[in-house]
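Note that the chains are named A, B, C and D in the order they appear, and that numbering of residues resets to 1 at the start of each chain.
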């Protein structure tokens, strides 16, 4: 006997505890099972790309801060690299190292947020999240020493960084680097071996690696699917060819793999920072000959970097003026959502939330 | 190190399997005829020596007298990137190019975004709706003539 | 073994509980008995004898100590510092502010310096309500006449009250943040200490001489 | 008339000074307020005093518990918890309560008004009713029902009605999800909960909670470890606490069945939930931890409350540490795990009570030893039954370490 039933349409979001901002999913449920899902976005659309056309190249940096607002440093980095390529600017080595240090710290901060909110989605009552905020706070304190701001940093500039870090910074960074591995172990003890976490996340939300590549999915999500693709390794920008680091790869391609890859990437990021601290040498952090108002030659440039969430790139077109003719962001958060519908169909409601959580999106970047 | 295909190099590669599909090249981009674009895209993805498995970025640029669609492609196996440019018609009127969603799934949201903000239609896209803005929004904000 | 991971997790939270909280309290900090005694500047027994009421309050966790959040000296805050004698009214800050929140009205003063004519600044309003503290106004000021401060408390009931008027800028003590002023940092300057700085100290460290300024001016012309 | 409360000196004083009856337990009579024939009034007044103390004590302890839980959670999460309002933040829940009372009471347009409004009351009633049978100390109880345990099991399942009423009445899909989950969960967990108590009943030989307490020469947590384990898990699920809080699953359903409630109606739900937590701790203490029985230097009521503390703290600790299970995992844990464990416990206890029908303390110790071995073995065995493929621990075989990332450089899978 089959029960006569009709699907229940539920709007998950835009105001929902677990949509990481203002994403809205219109989901059809059959009982607890998702039968269809439609993603509706745009609640945070601020028209950054249009705004960028009205601002000078340096002013646009402040807009990039506000795209992925939990990883402002990497946004700055991607934009600045694209501007440097467009204008043919050679960056100062010390500035590049500082950019790498800040970007890797930001990667740790972003992964901390991702994992913390993922566990929040699993119902862990914010305990892992609170622990991760504790360490993220240390990173933000470092950023405050670096550039006077914690979230919207505006620290990178074409040809280097805005200003050299104070002497105090190195001591604090050393303290952080010494303490952080123990904290990551702590998270692993709390989360990785927990049977509830394992049973909730293993084998759920599995994606085929080929499909992921075809759907432009990048970052930890792709690496959790067994594809060794990391732009820092395959297309080194800055001085990533001078540091050695490992790319954690998992073949399971499920939610647990996506979680674990992020945790291991934090360790690798720490290694990169360590090597940068060893290699950095005194010198100018910024080319004084690069003016505030840049006038790059007519042309276009695209530079993609390995952001915390995936390939983050800026496509800039210059018409020879002081502001970009066209500024297009390649938002990893948005493109990683391409397969969301396929991922969640057939899952129970609870797993739908967790699967969405493992994608690690930031609505500021999705909507821009 | 990821290597960018030079324009002429990639044009020669395309001409091998789709003669006459390209209309020219710039330093690092190939201009492809919109009519044959779908075949070219299929070849770019499936031919062993090219292997452009991923569409990194799809974007549109408003050049006042015409719209241009730019495809940044990436080959993971050869670690190379290539840039394809499509000119969609003359003038600002009916800007339309064929959708590549059947070739690269990743074009889905990017094409919708391009349609939403730039007003370039992608023919063959199964769900050509606005992405960022709401249904009923007038105009396409990223066009250069959109003021306000 | 199934179940062991659960107990490992319990252990982690227990250790965290024993290690104690890491919370930074703001705007004031609850102190226990020793903290209150230290705040009063007395030893604990003397504090107990001399101020029994305060001691009782402290013992039940009611005593608070005013405390500032620990802040980097580069913190970009809302209390802008303005050196009027250095400002020529060139309005670079207004021009390069990404949000256009600086309103500047000048009138001719007839004064002439090596760099050119100096204008009197009549209106110099900064609309903090829309400011995003990027600091570009400080970066572009050719005469280092504008600095950001470290203060961040400016909750107001009306939007209009969020505009810093020129009078307030003239009145206030100049305690610039060390952002974009590395020489202050090497001198160990703490913007929270409240020490007022003149422009000679707060200006950029490589201060150009009169001749250099003239030269630069001529070059750019 | 059952005058069991005369064991308690405080209530004996009230009763004896009121009543004129020459009850032997009152001892030497000094005076009596009421004339003869009004013993029933004295009984009533004493009963009302006990009820007042218990009900208000419960509501007051809810406030204390909310404060304590928040402070403790704060500690477990490396933060302070509420500390602003009152000494150590003790007045924070009071402020919350006042705020809750003065909040606007919103009834959604589409809601079924009667059902919607009745649900919070129906939610609150069972928790207050359970109060009646719990022996808070020697002689401190309202009624010594000879079916006390059965009464508790029957009454607590009433809260399911309230949850369904709330979910149905508010016409909210999230609330409906929560209600449906709660029903499924409660039906499933009633069974292991009732079964796990059977071992205790066999040893104590009575359904009355007072007799169960007096039978505990050795606390039953030692004699019945497996029963305790099952009962503890089932209670945790029944009162909707982590890791079984699927009914209000805040990350999935917003607030579950009380999504649409505001003001004091929401307050009643909250109150009932925390009251249920406290009462379940009380039941655990009465049934498994020997009630108020301990050394004599403190009154038995104090001992009872002191014994509740570790139970409550452990519940908060679990809440701080563990994520939530999925609803199907919660259900299969009950049906595939706990019920089997409960049956093992029943069989084991039956055999042991057959051997030692009226156990002395030494025999209880022997039972404890045997049952401990049985518990370890059966938990291990049932844990294996739950093994790979089954929902609670899908893809997690016993002894198998979870996967870890492999370093790159090895050949990458997928398309390169």
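Points worth noting:
Note that contacts are C-beta pairs under 8 Å (C-beta built on N, C-alpha and C of every residue); 3 or more make two chains touch, one makes a residue touch a chain.
Fair warning: this is a prediction, and the values are worked out from it, not measured in the lab.
The chain pair with the larger count of C-beta pairs in contact, out of A-D and A-B, is A-D.
Centrality annotation: A (chain centre taken as mean Cα position, compared with the mean over all protein Cα atoms).
Annotation: 48 Å between the Cα-based centres of subunit B and subunit C.
Here the spacing of subunit A and subunit D, counted between their Cα centres, is 44 Å. Subunit A and subunit B have Cα centroids separated by 25 Å. Look at where the CA atoms of subunit A average out and do the same for subunit C: the two points lie 29 Å apart.
Across the assembly, subunit D contributes residues 76-79, 320-322, 393, 396, 415-416 that each touch 2 or more other chains. The multi-chain contact residues of subunit A, meaning those touching 2 or more other chains, are 127, 131, 134, 190, 192-198, 210, 213, 227, 229. Multi-chain contact residues of subunit B (touching two or more other chains) are listed as 53, 76. Residues 41-42, 45, 47, 49-50, 210-211, 213-218, 227, 229, 231, 234-236, 241, 302, 304, 311, 313, 315, 317, 325-326, 328, 330, 334-335, 337-339, 367-368 of subunit A touch subunit B in their complex. Listing the residues of subunit C that touch subunit A in their complex gives 2-6, 8-9, 11-13, 16, 22, 70-76, 96, 98, 132-136, 139-140, 148, 177-180, 182, 185-186.
Those residues of subunit D whose C-beta lies close enough to touch subunit C in the complex are 72, 74-80, 83-84, 86-89, 317-318, 320-322, 379, 383, 386, 393, 396, 398-399.
The touching residues of subunit D, counted against subunit A in their complex, run 73, 76-79, 173-174, 176-177, 242-243, 245-246, 249-254, 319-329, 391-396, 402-410, 412-416. Residues of subunit A touching subunit C in their complex: 55-56, 58-59, 61-63, 65-66, 127, 131, 134, 141, 144-149, 152, 154, 162-164, 166-167, 186, 189-198, 292.
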